[in-house]
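Both of the next two complexes hold subunit A, though its partner changes from subunit B to subunit C.
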Partner chain A sequence: MLETARVIQIILNGTAVGCIYGLVALGFVLIYKTTETVNFAQGDLMMLGGFLAFTLIAKVGLDYWLGFLLTIVFMAAFGYLLDALVLRRVIGQPQFAVFMLTLGLGFIFRAAAGIVWGYDAVSFPTPFTGRVLDFGGIVVSANNLSILVGTVGLCAVLYLFFSRTRLGVAMQASSQNQLAAYYMGIPVRTVFSLTWAISAAVAAAAGVLLAPVALVDVNMGFLGFKAFAAAVLGGFGSIPGALIGGVVVGIVEQVAGYSLPAGFRDVTANAVLLGVLVLRPQGILSQTMRKKV
Partner chain B sequence: MSLFAVEDLALHFGGIRAVDGISFDVRDGEVFAIIGPNGAGKTTIFNLISRLYQPTSGRLIFRGQDITRRPPHVVASLGIARTFQNIELFANATLLQNLLIGRHSHVSASILSQILYTPAVRRAEIAHRGRAEEVIAFLGLERHRDRLIADLPYGIRKVVEIGRALCIDPRLLLLDEPSSGLNVEETQEIAAWIDEIRGTLGVTVIMVEHDMSLVSAVSDRVMALNYGRILALGTAAEVQRDPEVVRAYLGG
Partner chain C sequence: MRPIRTSYAQDLTLLPTTGSRVRVALVTGVALAIPAFAGEFYLGELAAVFIFAIAGVGMMLLSGYTGLVSLGQAAFLGIGAYTNAVLLARGVPLILSLPSGAMLAGLAGVAIGIPTLRMSGLYLAIATLAFGSIVGTIFQKWEGVTGGFGGFPVVSPTLGPLILDSPRGLYFLSLAMLGLVLLVAANILRSPLGRSLVAIHGSEISAQSMGVNLAVTKTLSFAISAAITGLAGGLFAHYVHFLAPDSFDLVLSIQFVTMIVVGGLGSLSGAIYGAIFIRLLPQGIALLRDDLPLGIGHMPGLEPSLFGLILVLFIIFEPQGVAGRLSKIAHYWSAFPLHRRATFQRQKSYTRSERVR
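Up next is the complex of A and B:
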């Protein structure tokens, strides 16, 4: 029985971390689907979200929930402006220019965060800190549980947004055919900026949820590489795929950390990615399954 | 009465005068065709009217309103819809979904009420669905309703694109080469739709077209262009007899 409990334990921990990968991957996918660019600064947006929450909650002394909400609002505004003021200037340029631009933005964000918040890892108190739930031998920290619940809640809101609202449908339309979307009365540029806003907001939420588990530091954004693996795993273009990909990477990583020698853990995400690219290059969820409007 | 007016419209690409000072009026309820040999500036004019290109000079007046600087998405909400020569549909969506996106500019509820799916939003959704169904019935597309655009043949897609434009409830419909890629029967079918759209729905149509049989069959007035200038403007028969037009098409 101990073994089963331990396996469940590992899977639960992996799922929690995987949810974070999934949320960052979701940001990759949203921006890619709508604007056809890959934002390599996605992980760094998460880092900025984490630090911002640290300032609001630990420094300013706001309530956790209020700080969480404000972080999301501020980061959404930041994402919107990032597209409206910076990314929009490279529309029509070669993909490589966009790639270099987002990579460069990542460097700037890390440097700026270092100047503003310093290079030490920080944390802030949450209502979940130190609390543990025991389900008959299976121990779940309240922090991990908050990640799971937070991810599910966020996904539910996003699902309703994309399936029910005019703006969500406009985003899907823009991702399929920009020219046609324009002539249906959809302001495509504004839709692009709003997509960046949502992606930044989701990344910030991931940062706030992850902060109590992994601490916030300048290089937190490198987690984005594992999230990138998760996005590719899910087919890069599929929102459920990104989440499933994230959870798969998270679980594989936990299992590797438990059963393989030290050091293997951090390469497993990329090992899984390589494996998927070789065996199923279109990703776990194939195009026909995922492109449903 | 003039629904749409073009005043001294010009577009220069460097030294090339793609459109060189063109003026014309389109009357409410007419079918107005733009013809001309390749490179005459037909499509350029079309893209200027539908606000894809910014003119070097000149004005566009729609229902007394200057729309020269309005972006394309605003033009849609004013009541101008267009189709494309090479069909621009949402290929990974069903026919019905494509038509429903045409209703986009008529949706006005707040995001929150949409997420909560309030009774008002529900009623509006039913009304939009109803309008889309009317267009489906009008164009006889019932049996393709739930099929993906990617699975439909070219000729049907051409009709779907017209249907999506009709869902905007336009006053003015811009058709870019509606017969391109179609065979003779399909072209006749398109001619019948254009007649119906003008006759039954009262929508004014401006179209760019190569196929003279279609132009003669449906147009009230025809404008022939060459090198960005107007060669002739009149009924299809008048324009086809015009010596300048004959020379432009046949050389000499």
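Up next is the complex of A and C:
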């Protein structure tokens, strides 16, 4: 009984961590799904969101929920402008170039955040801090629960958004063929900027949800690499895939951290990733198809 | 100006124009003359530039020509560095240990090349990233051989009577190796293998239809690239004198990618420009640090932000890197005064989906 409880506990913790990966991965997937570019600065957008929330909630003294909302609005605007001013210039260049561009942007964000907010880790109070829920021996902190609920909720909303709304379908169309989408009357450039806005908003939400669990600091964005792995694992471009990939990576890490000697945690996650990619080169929920000749 | 073509053999010559021959001779001459008047510190830094240029050539063959993105190059560098250092410590002469490092790195390249044959783009990038991280962990945990986090001191190399202890010795050794690697790479590129690499970059399906064996060629590309990077790693060990497992991490791999993008994808000289950029930028900043106004020079995030900014500016304004810009300037003067502004104007284009492939 004790063993079972412990296993469930490990899996639950892994799921909570995995949901954060999934949430950041969601941002990757959104941008990829529409603009077919990989935003390597996604983790850094999350970091900016976390710091912004810190300023609004801990420094200005706003209510948690109001601060959360304002952070999301500001970051959405930031994402929109980022695309309109920078990313739009490289439309049509190879994926690789855009990937490097966002990598460079990530460097700049990190340095800018260091200058504005300093290099110390910060945190802010949330309504969930310190509260713990006990389900018959299995302990869940309210923080982890908020992450879980937030991630699954966002995933569901975005999934429906992409499959049911006009804008969502327009985004998918722009992704499949920019030129054809343009001919069909879709304002491709605006659609792209809106995607970046949504993606930055998702990143901000991830940053705010993550802040009580892992402190906000300049290098928080490196979590983006794990999230990137999660997104790839799930099949880049699939929203449920991002969540699945994130949870898989999270659980593998927790199990490895529990059963293997220290230092092997990250490597296990990477080995699993490599293994999955060898078996399914396009990820679990594949989004690619073979060109017919 | 390109000379008028009179024979097919002309297409295959290494240095087709008088201009290029003069340029290569000039650069070689300057590189050989520098040690006559430069101090030891600068020679050491220049040796590092050469070492990075070697690794850049390896990366260029894989990413710039074959179009396979690797975020695990640091692992190959590390394998080369550790193999060389460990063998030297056990009394193997440099002339054997350095190629052994390259060979082992090449085998590692095959080991990652074969399972990733079906991957491309992002998936390949993340798979190589995972590979790099796994190799990094091996460096940390295999303490019996690598010394783990305690690090591994590198024995000073000797080459017959020559003791390559000083930066001067390393300078000449890495210069010679760079020359050798450039010659090998240039020869690969004008051989059928090189043409197949470029064909794969263009389109895997067309390359396959033209009779290119994708599996063999892609694996070879990985192996050659890894071996060259491993060679650079062996030299790198002598540059740093002390190997630490965490110096071969993702940051280094990203530096390599940045190097070839800034230098110019798809040109061997680009690898050298990129190496100069990446090694000398920090030095340049250090030199200017005290002269900048408003204390900008002492802001903590200056170096990475400048690094990022230059990368962003390059991709927006000159996606072909330094090499591309130089070739445009060269074209301007060769056509002078008949240069047309529209010659290199980029066409407005749209992104073609890489999901259908």
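For the reader, a short list of remarks on this structure follows.
The definition used in the following text is that the second predicted complex is superposed on the first by the 284 of 293 C-alpha atoms of A that agree within 3 Å, B and C clash if a C-alpha of one lies under 4 Å from a C-alpha of the other, contacts with A are read in each partner's own complex, and residues count from 1 in each chain.
Note that in this section a residue touches a chain if its C-beta (ideal position, glycine included) is under 8 Å from a C-beta of that chain, and two chains touch if they have at least 3 such contacts.
Everything numeric here is computed off the predicted structure, so don't read it as measured data.
Applying the stated contact rule after C-alpha superposition, one finds that A:M184 touches subunit B and leaves subunit C untouched. When the two complexes are overlaid on their common chain A, residue A:A142 makes contact with neither subunit B nor subunit C. By the touch criterion defined above, A:Q282 reaches subunit C but does not reach subunit B.
Of the two partners subunit B and subunit C, more residues of subunit A are touched by C. Contacts of A:G263 after superposition: subunit C is touched, whereas subunit B is not reached.
Of the two partner chains, neither subunit B nor subunit C is touched by A:V255. Of the two partner chains, neither subunit B nor subunit C is touched by A:A58.
Legend: residue contacts after superposition of the two complexes on their common chain; A:V86 is shown touching subunit C, with no touch to subunit B. Looking at the shared chain after the overlay, A:Q176 reaches both subunit B and subunit C. Using the contact criterion defined above for the overlaid structures, shared-chain residue A:A97 touches subunit C, although it does not reach subunit B. Touched by subunit B in one complex and by subunit C in the other are residues 176-177, 179, 182, 291, 293 of subunit A.
Those residues of subunit C that touch subunit A in the complex are listed here as 63, 69, 115-116, 118-119, 121-123, 125-127, 129-131, 133-134, 137, 140-141, 205, 209, 250, 254, 257-258, 261, 265, 299-302, 304-305, 307-312, 315-316, 319, 348-351, 353-357. Residues 50, 71-77, 81-82, 84, 88-94, 97, 101-102, 104-105, 107, 109, 111, 114-115, 117, 164-165, 168 of subunit B touch subunit A in their complex.
Touching subunit C in their complex are the following residues of subunit A: 35-38, 86, 89-93, 95-101, 103-108, 110-112, 114-115, 119, 175-179, 182, 225, 228-229, 232, 236-237, 263-264, 266-267, 270-271, 273-274, 277-278, 281-283, 287-291, 293.
Across the interface of their complex, subunit B is touched by residues 157, 160-161, 164-167, 169-170, 173, 176-177, 179-188, 291-293 of subunit A.
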